[in-house]
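The same subunit A turns up in both complexes below, where it pairs with subunit B and then with subunit C.
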Partner chain A sequence: MLSYYLKLSWLSIKRTPILTSLMIVAIGLGIGVSMTVLTVNYMMDKDPIPEKSHQLYHVQLFSYGKGHSNSQTEDAFPMQVTYPDAMNIHRSEVPLRKTRSLATGFTVIPESADSPPFMQSARAIDYQFFDMFNVPFIFGSTWNEQIDQSPREVVVIDKELNNRLFNGENSVGKAVNLGSVRYTVVGVIDTWQPAPRFYDLNNGNFNESESIFVPFSLLPVHELPSWGNNNGWKTEKINNYQEKLASEQMWNQYWVELPTKEVKEEYQQWLEGYISEQQKLGRFENEKAGASLKNVIQWMKVNQVVPSDNSILVGLSFMFLAVCMINTIGLLLAKFLRRAPEVGVRRALGASRSEIFIQHLVDVAFIGILGGALGLLLGQLGLLGVKTLYSSYSQLVHMDLTLIVLAIGIALGSSVIAGMYPAWLICRTNPSVYLKIQ
Partner chain B sequence: MLEIKPILSALLRHKSSTLLIILQIAITFAVVVNSTSIIKERIELMSRDTGLVNDRLITFNVNAFGEDYDHESNLRADLELLRSLPGVVSAAPMNQIPLSGSGDSSGVAGSQEAVDNLEMTGTGMFHGDSHMINTLGVKLAAGRLFTPEEITYSRGRADVKSVIITQALADQIYPEGNALGSTLFMGGDLKMTIVGIVEHMSGSWPSWSNFNYNVLTPFVPLRDFQRYLIQAEDQETVTRLLGEVEKLLIDRNRQRVITNVRSMDELIERIYADDAAMTTILWVVVILLVLITALGIVGIVSFNVNQRVKQIGTRRALGATRMDILRYFVTENILITSLGLFVGITLTIGFNVFLAEQFEMPEFNWNLIPVGVLIMFFIGIVSVWLPARRASKVSPAIATQSI
Partner chain C sequence: MLKMNNIKKIFRTDLVETHALRDFSLEVSEGEFVAVTGPSGSGKTTFLNITGMLETFNSGSYLLDGLDVSQLNDNQRSKLRNEKIGFIFQSFNLIPDLNLFDNVDVPLRYRGFSAKDRKQRIENALERVGLSARMKHLPSQLSGGQQQRVAIARALAGEPLFLLADEPTGNLDSLMARQVMQLLEEINQQGTTIIMVTHDAELARRAERNIHIVDGQVSDYQQLQPVLDVAEA
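Our next item is the complex of A and B:
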């Protein structure tokens, strides 16, 4: 029966080529535009580390003095922590894994005289960083735990930098000149580009990951500069790096891995205990003093990873789709009613109402699938456009299988819904009217 | 004369298709007007006056490395080199560049009381030498510029005595207009005298509400990382310098890396890239939507014409001119469009109230509604024209033919 209906559909499409192609174009444009917008939104909002996003927590401490707060966040918590706090809370044994983190950078000076020095962004972290965030290694591994207490000049570099400096060979044990200091390579990681770059949402949500990772314990030794935000609320005279380290400036980040709810609660309590200990020393004077743990998904929300522009566009694109569908209903009405005499004959020859109804829905579904296919093509074109418009999204914008199925689903679903009314109208055709005219 | 009555009764016989067009026109109108409103707002944002000589500025960063790098002597030598280049009007070291999206900010106040009550105003903090203001191309409104003797070169914090602030900031912290010569309080015991006021100058973050509140200080921090700003004579010099500045500086001293060599026009393009992209996407949406709606009208009216061929023929046979037939369809369309627009205007207002609540949108531009109305009528008439003309060509003889 279905093949018969499909044959009838094909015949009817051939009979009204202009009307049919108008419908296909309308559905195609509707799907194309909404899929383009949805893809960008979906990719931005996607969980960058699904296996762990609910175990990794970003630590926020309300270390402001009286009367100060952060106007950028809903709960007024600062985005980062001070260096003394990062050092102190690192003593806690509660988290399964933990890392201090700072965006920094170096001048890389290649050994050979004919390749010029270049700047490279870097990250100062602790040895568990790679395990916490599931960073894949090609050669070697992270540094020894002791290095986080007694610093040594070791470095983990990424594949790209390894290709540039060592032609992609195993560089473990070799030296890299970062500024005027020699570092020994202990590991090389594979390309690792989480999108959004959830482990540091302060410095560009979709920026490239760093190529260089050095021990956080080197901060005071080599006075690693901050390449990220430095927020201060207190008037302090900071004349040198040592004074910066001791200050109330918030410029470090802290991540912990807390595998269960119980561990999370235990850690929350540990932090509260730490804060009251600090209050005795005259810090954390604000009445809101406290600690906040936010997992990856919550942290993405706080940082508004999906810009409000995108939400506006999603709304607009669905209205666009609605217009396309209303348009299609109008055109379907025209198409079906034109066929009324033929339907009258079929009804007179014994076709039931439901058969006529289903036949017309098959007709619509056929057009819907063609429209959906055109929509996917247009969507790809749209994404290409988005890529040229937003250079930082380039790795984001591609449709995966879920999105393709979704596109066809929306096309099919919405066109069948659009076809209901016209199909219902036509199946109520009274055969006698048309037989009389004939 | 306009046959409104027969049109209405004909429309009532095709309720569903009429309703569909009305709905389509309504939603199209709502989307078009709201999108245009956002487009307009973004274009205004992007074309705001920066107060700078945008098209003649170049900036770049010098990243020094090496243990024995002498920051002060290198800085002086760099500036001497830059200022001696042909086509260079002025050059200055700066800690941050307007519209670059990165830099320092600090809270300031016009009284110690405001400091104590934590009622400080966030401002952009621009440090540089006595050439800074001239290089930016910012105009002095009152007071004086910094003198070379005033400038502190320091690796740490500077003990700055005098500052220049923007007019916008002066009006904010000294509303009575007595900012010049008064004190700028920066918290703690930090106090400076306002020696000059500049007209308008953009800060570093266009999305910040305090974008126009800026403080300039006579201080050159000596760090491994140093920014420079150059004002060139003309566009050709800008292009030339963008290409050669890196080599010139490296040739003078190889212990550094030059990064982010950019013209101010490029900085502006980068900082507004998302707004520009939003504008483009909205344009595409608007154009496609109008196209779809127009095609829809063409499709439906064609269908109506086909269905009514016999009636049209009869009317023609009874004496209606071609013009009468054409006018019939155009009037019908105007009627439908008007109904659609009535619903559309309601929808637009509702949609806008929703958007404004959700996303802190700026005030809606009401005069876009009449513009949108005119556009929709235009689209309606253009798309009805073709099928209506075809209708007017129906021969009166049809009436006498049976099928």
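Our next item is the complex of A and C:
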């Protein structure tokens, strides 16, 4: 009977094209607005590295002095670590993989005199960064472990920069001028834009990934500047780079890969031991001194990747959808009641109330699917608007298959709910009223 | 086959109560052709609606093919209506955006026949009324008489026990009315029981039995005879 009901639905649409179009537009508008908001919210909240998000941990050390804390977070831990701490905890052999990390940047000077120099953000990291975060290579690979101990001027660049500097050719072994220093390319990564940029939520949740990756060990050699946030809690005289490296300023990040619960517990104990060691040296004086390990999902929550305002916005968008559906109920009533004489004939010919009810629900569902399809188009326009207004959200403004299915599902579900009352009303109609039996 | 006993039907509004049928009793046997006549407001419509199970009644009993209709729920009544009763209306009541084939198909769909079976029945029914060549036409492309023949085909396709006809010739000119009446007579001769409401005394005369309803009750046939005589004169 479903195919029969769908055929009747199609005939019904052809019979009342304007009324049906109004309903499709009403549903489409509601779905379009709610899906635009929901897409941004969903993509913000999406696990950016599901295969590893519960094995990758961001390390936080409570290195504040007495009376100091971070008022921005619930547990008051600082978001970053000091350079000395980053160096010291890097000695641990417990993690499967580990990396220090710093947002930095360079002036890139192309070889060709025709091409002007340009600024490019970069990241100073350890060689395991790429394996930890599943960064795909198209040419070459990361540098070797030795370089993290004895620094050398090597660099991994991304596909876009490789296209710009080397016309997309394999550039491994070629030189890149970063500022006044020549670096040798050892690898080229494919496009890699995790959204949110979970590995550095301290410097823009949805900023683009860097194009240049250099060894962290080069920090003291070339005095690489910090292009990210620097947090301090005490007055320190910092007149040169060496003093910055030795300071209590928190400007580095530290990530570890801990594959099991046991390894995590072992590493937590190692960090507690490190803190005790440091306390003997006069650091970590705060009563809350300790270490915190947060996996990717926990780290996203701490950093409020999805702002609380978003849930209000999602609520409002669904209220708008509800208003659209209430309008649809009115239009459905008009459409169905116009069809009452036909329903009377069908009842006289043997259709039961439940068959009439189902026929009309299929009709509504068909309209709902068409409205959902229009809603998807409008949603894409809405996302285009978001992209235009907020360039940092460019990674978020696309619907994946889940969202497309969800949009159709919401359209279908809300339409069927909206159609319940009109369908119930029409199936309760006394058929004899419309048959004009005399 | 059809047995109504002391049927009472009252329509109530906030202000008035209308007794449409009072102690209405009637028995119709298999194969009969019964004409129902009566003045406007006499209860003919209500009688036909109750017979077709489109209306319920307040008291009394109604047995259709041995089944007590008052004990059935909507689904059971719809199924019974679909299987046992065919309707023919004064205004044909064809669905305008379905072609003839699909119009005749409507009751068969609710019956759950296979596509092959439905097709066979539709073709046979349209053949029987002489419209098999126009299956793909829309009702609006037919004359009134042809539309009524399609309605008859629709009623016959499911091979019902009863045909309930409501003024089947009321919207037709005399030539077409004669043709439709002739068709109904043929159908009756082939065994289908027909109950026909009509204002036309000549048509009523052609029926095997005449029922006259006055004030919601069956009146004697003898009471009807002078009316028919006057009409004939």
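Keep this in mind: the second predicted complex is superposed on the first by the 424 of 438 C-alpha atoms of A that agree within 3 Å, B and C clash if a C-alpha of one lies under 4 Å from a C-alpha of the other, contacts with A are read in each partner's own complex, and residues count from 1 in each chain.
Here is the rule we go by: a residue touches a chain if its C-beta (ideal position, glycine included) is under 8 Å from a C-beta of that chain, and two chains touch if they have at least 3 such contacts.
Here the structure is a predicted model, which means the values were calculated and not measured.
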Seminar exercise, completed: Larger residue footprint on subunit A, choosing between subunit B and subunit C, goes to B
For this session: For A:E342, decide between first (touching subunit B), second (touching subunit C), both and neither.
Result: second
For this session: Could you say whether A:M119 touches subunit B, subunit C, both of them, or neither, answering first, second, both or neither?
Result: first
For this session: Identify the partner contact of A:S317: answer first if only subunit B is touched, second if only subunit C is, both if each is, neither if none is.
Result: first
For this session: Kindly classify A:D309 by the partners it touches after superposition: subunit B alone (first), subunit C alone (second), both, or neither?
Result: first
For this session: Applying the touch criterion given at the start, work out whether A:N239 contacts subunit B, subunit C, both or neither, answering first, second, both or neither.
Result: first
For this session: Scan A:R15 for contacts with subunit B and subunit C and give back first, second, both or neither.
Result: second
For this session: May I ask you to decide whether A:A351 touches subunit B, subunit C, both, or neither, giving the answer as first, second, both or neither?
Result: second
Problem set entry | Interface residues of subunit A shared between complexes with subunit B and subunit C | 437
Seminar exercise, completed: The subunit B residues in contact with subunit A across the complex are 16-17, 20-21, 23-24, 27-28, 30-31, 34-35, 38, 63, 65-67, 118, 155-157, 186-188, 190, 224-225, 250, 256-257, 259, 273-274, 276-278, 280-282, 284-285, 288-289, 292-293, 295-296, 299-300, 302-303, 306-307, 355, 358-360, 403
Problem set entry | Of subunit A, residues touching subunit C in the complex | 1, 4, 11, 14-15, 341-342, 344-355, 430-432, 435-438
Problem set entry | Complex interface listing, subunit C residues touching subunit A | 40, 44-45, 48-49, 52, 54-55, 74-75, 78-79, 81-83, 87, 89-91, 93, 95, 97-98, 106-107, 109-111, 154, 158, 166-167, 170, 197
Problem set entry | Interface residues, subunit A side, partner subunit B - complex | 19, 22, 25-26, 29-30, 33, 67-68, 107, 109, 116-119, 179-180, 225, 235, 237-240, 307-309, 311-313, 315-317, 319-320, 322-324, 326-327, 329-331, 333-334, 337-338, 385-386, 389-391, 421, 425, 437
